[in-house]
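The structures considered in this document are given below.
Two complexes come next, and they have one chain in common, chain A, joined by chain B in the first and chain C in the second.
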Partner chain A sequence: MAASQGDYKDRQFLAVIGDEDSVTGLLLAGIGHVTSPPDSQKNFLVVDSKTETSAIEAAFESFTTQRKDIGIVLINQHVGLPPLLYFTASILPRNTWLQIADKIRYRIDTYTAAFPTILEIPSKEHPYDPEKDSVLRRVRRLFGE
Partner chain B sequence: MSGAGDREAVFPTRQSLGIMKAKLKGAETGHSLLKRKSEALTKRFREITRRIDEAKRKMGRVMQIAAFSLAEVTYAVGGDIGYQVQESAKSARFRLRTKQENVSGVFLPAFESYLTEGNNDFGLTGLGKGGQQVQRCRETYARAVETLVELASLQTAFVILDEVIKVVNRRVNAIEHVIIPRTENTIKYINSELDELDREEFYRLKKVAGKKQRDTAAADAEMKAKKAAAVSGKLNQERVEPAADPAPADILATGEDDDVIF
Partner chain C sequence: MDQDYIDGLLERYLHLLHDYTSLREELNALQTGMYQNIARANFAAERGVRFGRDYYDDRMQASRRLTINFESRGQDEAQGPSESQTRKNLSALGSIITTIACVPASTVEDSKANVDVEASHPYPEAEAAEQGASKSTDKLAPNAPTPPPQTDMDAQPGRGAGITVERRINDFTLVAKKGTTTSQKSNDPLRWFGLLTPMPLREAQTQSIRAIEHVIPRLASLNSEMAVVEIEVRRARKRRAKSEALARRLPQQSS
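Now for the complex of A and B:
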């Protein structure tokens, strides 16, 4: 079927793309892993307001398609903004906020593979928004809401 | 007529009629089986979607608590520990194990989290102050990640089931709306063709029989005529023959003889 034996047997790590606080917290929980020296790849990416979208996309690509040892990719729905920018952002319409998952939203929405699983997580400043979650939207649609 | 509708390209013979009937039967069995499978999967799917909905909301709460405990750490340590933590991460303590669950022939993977022993990357974090907060934060986040892992397995099951249900439903519909009508059409076509052949054959036989009858009648008539002719010929002969030499009879039959004068 969609997932064959070898497809997920070695997947034993989680990966994170998120703001500094979320990544720090998750690393404290002990999910951080750096592969052995020659090409030491981290399984986390810290995103701030200066991170290029292409960098996020590259990390997403590497976690989802290249690496075969990642079972779950956690990605922040929103990125916490630095305090100064935060004020500016709050008076702007919602959709212009700096949002990680939203930055590569099309990638997430078109991502349908079972492994690794993509999980959108809330960040510190922003409560969880069920309307934005790609899976939850599908759930909603199936319930005919 | 048989020409209407889609049908398979077969020769209308009794053998292919038998094959088509077997095929129709197989398609009907398969249809009912697939339908049942689809129903079982859909039931499971609904259960999973409901649980996902709950789990996502729970995750929202848990992550909020976790973020709060991290804020406590930042406050207690009196500075940002993010950089230190990121640099000291080496090997994952929190890992995943995958297992399978079988739902009517579909393997649904499920994640299970476990902690590896004796591997502590952040032994020195919060050594100066705030160690207790750091410890609590780690526990909170570990719980949060457990929730996330649970949610992830639900979500994986959701994605896989979604796909499988689509495939199964597509098959059910294909059988119901394409294969069965087509096979039925083919059977109808073969039947009508065979009937047509039967009628033709019957007509032909009738025609032949009629012709034969006519021929026999003609032959009979001829024979009869011949016979009649022969009989009448014989009669004629019989009638003619006595007339052929009537002399002996006539000798006496004639009246008086002329007188004989010497």
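Now for the complex of A and C:
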């Protein structure tokens, strides 16, 4: 336990995956960090309509698995969809649309490690939705719903 | 006996859930204000200017960092006796219970401020220029380093241990060879957007700092504490189910 606690001590940064305004606002608080070259790694990813889902997943993987200096990962509940997925989503039933929008979230719901902690935050376009919050989903599971 | 223990755990869990939902509401309010202020700043900005990623500094260094502690909160006595007992039971299980804390500005990493210039300076190319500036300011500046500006939020008292965000103020402190005079450079992200930033952007920064220092670390702590309680509830339920099954079997065998 002592060794693992030592590892946690190194986790001193917050990471953000979100839309431009979310990231700008959080960086204004001074959480942004770029590691020293040559492998300059940022602790944030700005997601817009052009960002591929694979890029979001890669960033999530990097923040949660590869980097050992991240303590909390903040992610917008609703991340932007690529244009093609927007078009596909618009012609599909709502349930299917939710499945596509949650493409990255399946990683969050199956994420069980203690550190880094994943926190979902509302985005500019979409208010906080308790139905999608992974913590409240856990609460429902505990009470047998 | 088991049932009482489970009830105690569930009571504790519901308290945590209440805290979690109220903190969520606070975070929502802060973020809504932050988005509105950024939108206002963008609206009032000059044509073509948008306060966004185009202005980010590619060499940015975090001025707010996390510290993760594993000591239990010193508020157990202030809580109800059953709650305190539940927490002690959970701690005895060896579970990691992270709790809430707000670190005052005076507890900032002083040791990090005294490391070598080459190792600590985040902007090496600006170092030479700054050293030159420090020579000129040495004549004017007093020997003691100027204290960092304290906000009202920084002055709030600590609430225990846990995941916290602390300000690393002295990122730019250059220790002179004599070791007596220091100079500081602003590490404020607002400077990315120019010297005269609009008021809404400053307000957005204030709200963001409040969210980062006071709400998000507490949410993360509550998240981990709720996870610990969930695991313990499930274990207790399994133990109860086993003991009930055993109790059912015993009369059958005796008959």
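Quick note on the criterion: the second predicted complex is superposed on the first by the 115 of 145 C-alpha atoms of A that agree within 3 Å, B and C clash if a C-alpha of one lies under 4 Å from a C-alpha of the other, contacts with A are read in each partner's own complex, and residues count from 1 in each chain.
As a working rule, a contact is a pair of C-beta atoms (placed from the backbone, for glycine too) under 8 Å apart; a residue touches a chain by one contact, two chains touch by 3 or more.
Everything quoted here is computed from the prediction, not taken from an experiment.
With chain A as the common reference, chain B cannot sit beside chain C without a clash. With both structures placed on the common chain, the touch criterion links A:V139 to chain B and to chain C.
Of the two partner chains placed around the shared chain by superposition, chain B and chain C are both touched by A:F115. Of the two partner chains, both chain B and chain C are touched by A:L26.
Shared-chain residue A:V46: touches chain B and chain C both. Of the two partner chains, chain B and chain C are each touched by A:V34.
Once chain A of one complex is fitted onto chain A of the other, the partner contacts of A:L74 extend to both chain B and chain C. In the superposition on chain A, A:Q12 contacts both chain B and chain C. Comparing 76-84, 94-102 or 148-156 from chain C against chain B in the aligned model shows that the clashing stretch is 94-102.
Once both structures are placed on chain A, chain A residues 1, 8-9, 11-14, 20-34, 43, 46, 71-72, 74, 114-115, 117, 119, 121-122, 124, 127-128, 130, 133, 135, 138-139, 142 are touched by chain B and, in the other complex, by chain C.
Interface residues of chain B facing chain A in the complex, by the touch rule stated above, are 49, 52-53, 56-57, 59-60, 63-64, 66-67, 69-71, 80-82, 85-86, 89-98, 106-107, 109, 111, 115, 121-122, 125, 134, 137-138, 141-142, 144-145, 148-149, 151-153, 155-156, 158-160, 162-164.
By the touch rule above, chain A contacts chain B in their complex via residues 1-3, 8-9, 11-14, 20-34, 42-44, 46, 71-72, 74, 112-115, 117-119, 121-124, 127-128, 130, 133, 135-136, 138-139, 142-143. Interface residues of chain A, counted against chain C in their complex, comprise 1, 5, 8-9, 11-14, 20-34, 40, 43, 46, 71-72, 74, 114-115, 117, 119, 121-122, 124, 127-128, 130, 133, 135, 138-139, 142. Within the complex formed with chain A, the chain C residues making contact are 13, 17, 20, 24, 27-28, 31-32, 34-35, 38-39, 51-53, 56-68, 70, 94, 96, 163, 165, 167, 187-190, 201, 204-205, 207-209, 211-213, 216-217, 219-220, 223-224, 226-227, 230, 233-234.
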